[in-house]
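Below is the structure I would like to discuss, written out as structure tokens.
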Amino acid sequence: MTTTTPPTTGSAANAASGARNYPGYGRPFWQRLLLRREAAIIGLLVVVIVVASATVPHFAAPITYNFLLLDMAPVLLISLPMTLIIITGEIDLSVASAMGLSSSVIGLLTQAHWPFPAAAGVALVVGAVGGAVNGLLVTRVGLPSLAVTIGTLALYRGVAQGLLGTTAVTSFPAFWTDLATSTIPGTLIPSVTIVIAVLAIVFGVLLHFTPFGRGIYAIGLSPDAAVFSGVKIQRTKFILFVLAGLVSALAGIFYTLRFGSARGDNATGLELSVVAAVLLGGVSIFGGRGALPGVLAGALVIGVLASALRLAGITSDVINVITGTLLVLSVILTSFLAWLQRTRLSAGRKRRVTNGPASS
Amino acid sequence: MFQTRHSVRLAGVATLAAAAMLLAGCAASGGSSSGDSGSKNYAITFLPKNLGNAYFDTSDAGGKKAIAEFKGTYAEVGPATAAPDAQVSYINTLTQKQVGAIVLSADDQKAPCSAINQAQKAGVKVVTFDSDTAVGCRDLFINQATADGIAKVEVDMISEQIGDSGEIAILSAAANATNQNAWIDIMKKELAADHPNIKLDDVVYGNDDDQTSFDKTAALLQTYPNLKGIISPTTVGIAAAARYISTSAYKGKVAVTGLGTPNQMKAYVKDGTVKEFALWNPGDLGYLAAYAAKALIDGTITGKEGDSFKAGTLGTFKVGADGTVLLGDPFKYNASNIDQFNF
Amino acid sequence: MNSLKRLTRARETGILLAFLLVVIATTVKNPSFVFSQDGFRDLLVTPMLVLLIAVGEAMVIITRNVDLSVGSVIGLTAYTAGTLFKYTDIPWLLVALIAIAGGAALGAVNGLLISIAKVPSLVITLGTLYAFRGINVLWTGSNRINSTDIPNDFQMIGTAQLLYIPVITIIAAVVLIAAAWYLRNTRGGREFYAIGSDPDAANLYGLKVGRRVLLAFIVSGALAGLAGVLYVARYGTVDSQAGSGFELQAVGAAVIGGVAIFGGIGSVWGAAIGAMLLLTINRALPVLGIQDFWQQAVVGALIIAAIVLDRILALRQARRLTVMEDSQA
């Protein structure tokens, strides 16, 4: 699944990896910006919001965005490290199980009368260890991450359910549960948005503005070339899996506090929403291509659609059809754009040749 | 070159337009839910644990009947699977739509509470039925039967069917199910106190999933070869257990009882797999919950102990301790009466 | 290498031993696990639905693809079959064929998107996992098919036996043998492995990669359709969530059975034994006194152990080969 690297469409990937794709630079900056996948998905987000505000009663109210951000917070958080992992050509399907595990650990320790910050600290450590196990199996043992994380998906969920059994722990300090659902004073924006924003900036800077981030793209585009240009592939991947475990545990803490209920089956199936958001946001499953703004917009598109449809009185999970269809459409569109660019490229080259060699 | 770039943009525009149309279409079909009969907002929405569950279909139909009687607007929404957090976004949405009341069977005791608080602040009344949340967080709980009453009727039935001695097991719903766990605790005490010859071997969990319950029944019968009876205090579980036993060598040897709906159990009562099982009438439960919601909207009751209200054809009910209204005693179904029921 | 040696070396043998170990250990603890009519039947019947889709999944994975939509295909085809039983008098054999054809059509949707649009299967089938299930939920709503809607003679298939062997098991065995024979002995079957080992080389060599991949997905869809029909026969009740989560069990079974997730390695035998092991462990744990809640953890540990073991064996093999080369040089 990883050998065929698709032609890339003049995105940040190429800019970071030495810009082989010169034709992408043949047009003015604003055009390049507009034709990128990220721009398309952000445009889609804007259109969906505008249409929903205009046609769905009650959608335009600010409280909609409060609920929406609270609902999507775990997906937004985990999609950050997931983006980096998928850009290296790997995947982590165990994130939702890591959330459940983190929730169980907090529940268990709260039951044992630990102070909440200490319990949360342990949950974060457990998350990081879980990520490290994935990382070690992928980098040291050399196993495919898809198989490894399908295994740990079952393993971490099983441990989470085994730890708590039939109990659901609900005795959390009101200070912390209130904090999870609180808003930034004077607005209706949930406080957790600050955490998301800070982490988004951290991951954004890490990915787009550091040598480490350029290494991530290099690994996804060509592992061999990455080795020769001095990228420590194994170390990079290991760090990313640990980060994914850590952020998943954080999302698990938020989830537990928001609902005030620690259960082993919390957040089951959330990994699919995360992967869908990342891919919808324009990240290539083959690795090497994608950017964080697109991913955040992808997650929000899913959230806005879900909330608009519920408000429109759709009784059950129609959102699944739409998420699925959008996902399929978005990848087909990518292939289609790439194909267009190829045909245009070869047409351009031909024309240049007929114009005479001197001009090139 | 110009042409190709043009079609790129066309493709983008087409996708956006498709998404927009999708939304607009759904919005059009949604319609408005704020019914205005007189000055009171009788828009009452039922939010079951999950859709596609025969039990809730019946209870919500009872609610619909009641709401039609007092000319309110009935609606039913809900998640496809009973995940702990699944109901929260539906409660939020209903709050935004400013319905008069939400009638909810809670998937989790605590998870919906902060959403319910927000709903109440916005003036929405919240009635729970079938499965309660924490006491402080809703206005009223319509209790189908007391936990003691349910546990007692199940223990009585199994002891009668197996001759008050032998090994039994319990096939429950989800491991976290509030109701079932409370009943099982009381059943254990009841067994220890009054039925010393009955031994409870195990409690297993079928997650209210037909297939899982079916497989768990198979596992139980193998794990405990001396098993004489299975109690399944959930409608999905008892039907699955009865179906497994009706085609196996255990038919007639292992008794199955618990809580079930007549339509699901008719075949097994008639073929002799099941002698007797119990349930309240879920239709009455939904009917009562709808009238309780109406009384709250009218302001004739507030949910405090001692309040009383009239529930259509069911008569008058009184609010008990902890804001609980009791429907009545569970009803026993057997070959002599099962044909009179259709739900 | 003689055939006995090859048999003991085969990856499938290890999994088979693990399976037998589980069965023996459980039977020692509780003889009725095997030595009772129902115990024997459940041992053979319970894993069959997952076994069928694991066979299809193995064929897809061998071509270096993956099909995550099988659970949703089971849901749609099972509800289709149930609806046909409920509202029409079509004979059950025809209903079964319609459901299988429907599954094949859904598989073809996956396969066409993947082989024509050249989009990775993980993404497409993740999308159709959502989309097919969503269509199912839209269609089914809060309806369900109850066992009273299903004709009795068809429901008998769920429990009927032929010479002590359950009919469902016989159906699964026929499918398994046919798939194994095709992959092992036909040109087309060998091409599956060639494509999975190196798609680019297969393409350069002139193999019709797209067509083979399409075929793999159609087979996977058709087997999920068959599993959907058998789901109706065995469980009698179908709601909008029937078959959800089966995709992970199918992939898990294939991986445990030694099918390499990056294609080109493994057999449908392995996947089938993997499915038997996975589902038998699920039933054995409570008998062995391990609480319900830990089952999934054991399954996860098993998957990890299987792939680590494969890796170690592969490394040892590689080392032995280099040693042989060195000694010859």
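Details
Letters A, B and C mark the chains as written, and numbering starts fresh at 1 in each.
The working rule: contacts are C-beta pairs under 8 Å (C-beta built on N, C-alpha and C of every residue); 3 or more make two chains touch, one makes a residue touch a chain.
This is a predicted model, so every value here is computed, not measured.
Across the two interfaces under comparison, A-B and B-C, the one joined by more C-beta contacts turns out to be A-B.
The most distant chain from subunit C, with centres taken as the mean of CA atoms, is B. Inter-chain spacing, taken between the CA centroids of subunit A and subunit C, is 30 Å.
Between the Cα centres of subunit B and subunit C there is a gap of 34 Å.
Of all residues in subunit B, those touching 2 or more other chains are 51, 80, 175, listed in ascending order.
Among the residues of subunit C, those in touch with two or more other chains are 137, 141, 240, 293.
Within subunit A, residues 161, 165, 315-318, 322, 336 each touch two or more of the remaining chains.
By the touch criterion given at the top, residues 35, 40, 43-44, 47-48, 51-52, 55-58, 61, 63-64, 67, 71, 161, 165-168, 170, 177, 181, 255, 258-261, 263, 265-268, 305-318, 322, 326, 329, 333, 336-337, 340, 343-344, 347-348 of subunit A touch subunit B in their complex. Subunit B meets subunit C in the complex at residues 51-54, 56-57, 80-81, 175, 202, 204-205, 209-211, 214-215, 218-219, 221-223, 225, 239-240, 243, 247-250, 263-264, 266-267. Across the complex, subunit C meets subunit B through its residues 30, 32-33, 36-39, 42, 46, 137, 140-144, 146-148, 158-159, 235-237, 239-242, 244, 282-283, 286-287, 292-293. Interface of subunit B with subunit A (complex): residues 1, 4-5, 7-8, 11-12, 15-16, 19-20, 22-24, 26-33, 51, 75-80, 83-85, 88-90, 92-93, 96-98, 108-114, 134, 175-176, 181. On the side of subunit C, the complex with subunit A involves touching residues 64-66, 113, 117-124, 126-135, 137-138, 141, 198-200, 240, 248, 251-252, 255, 261-263, 291, 293-301, 303-304, 307-308, 311.
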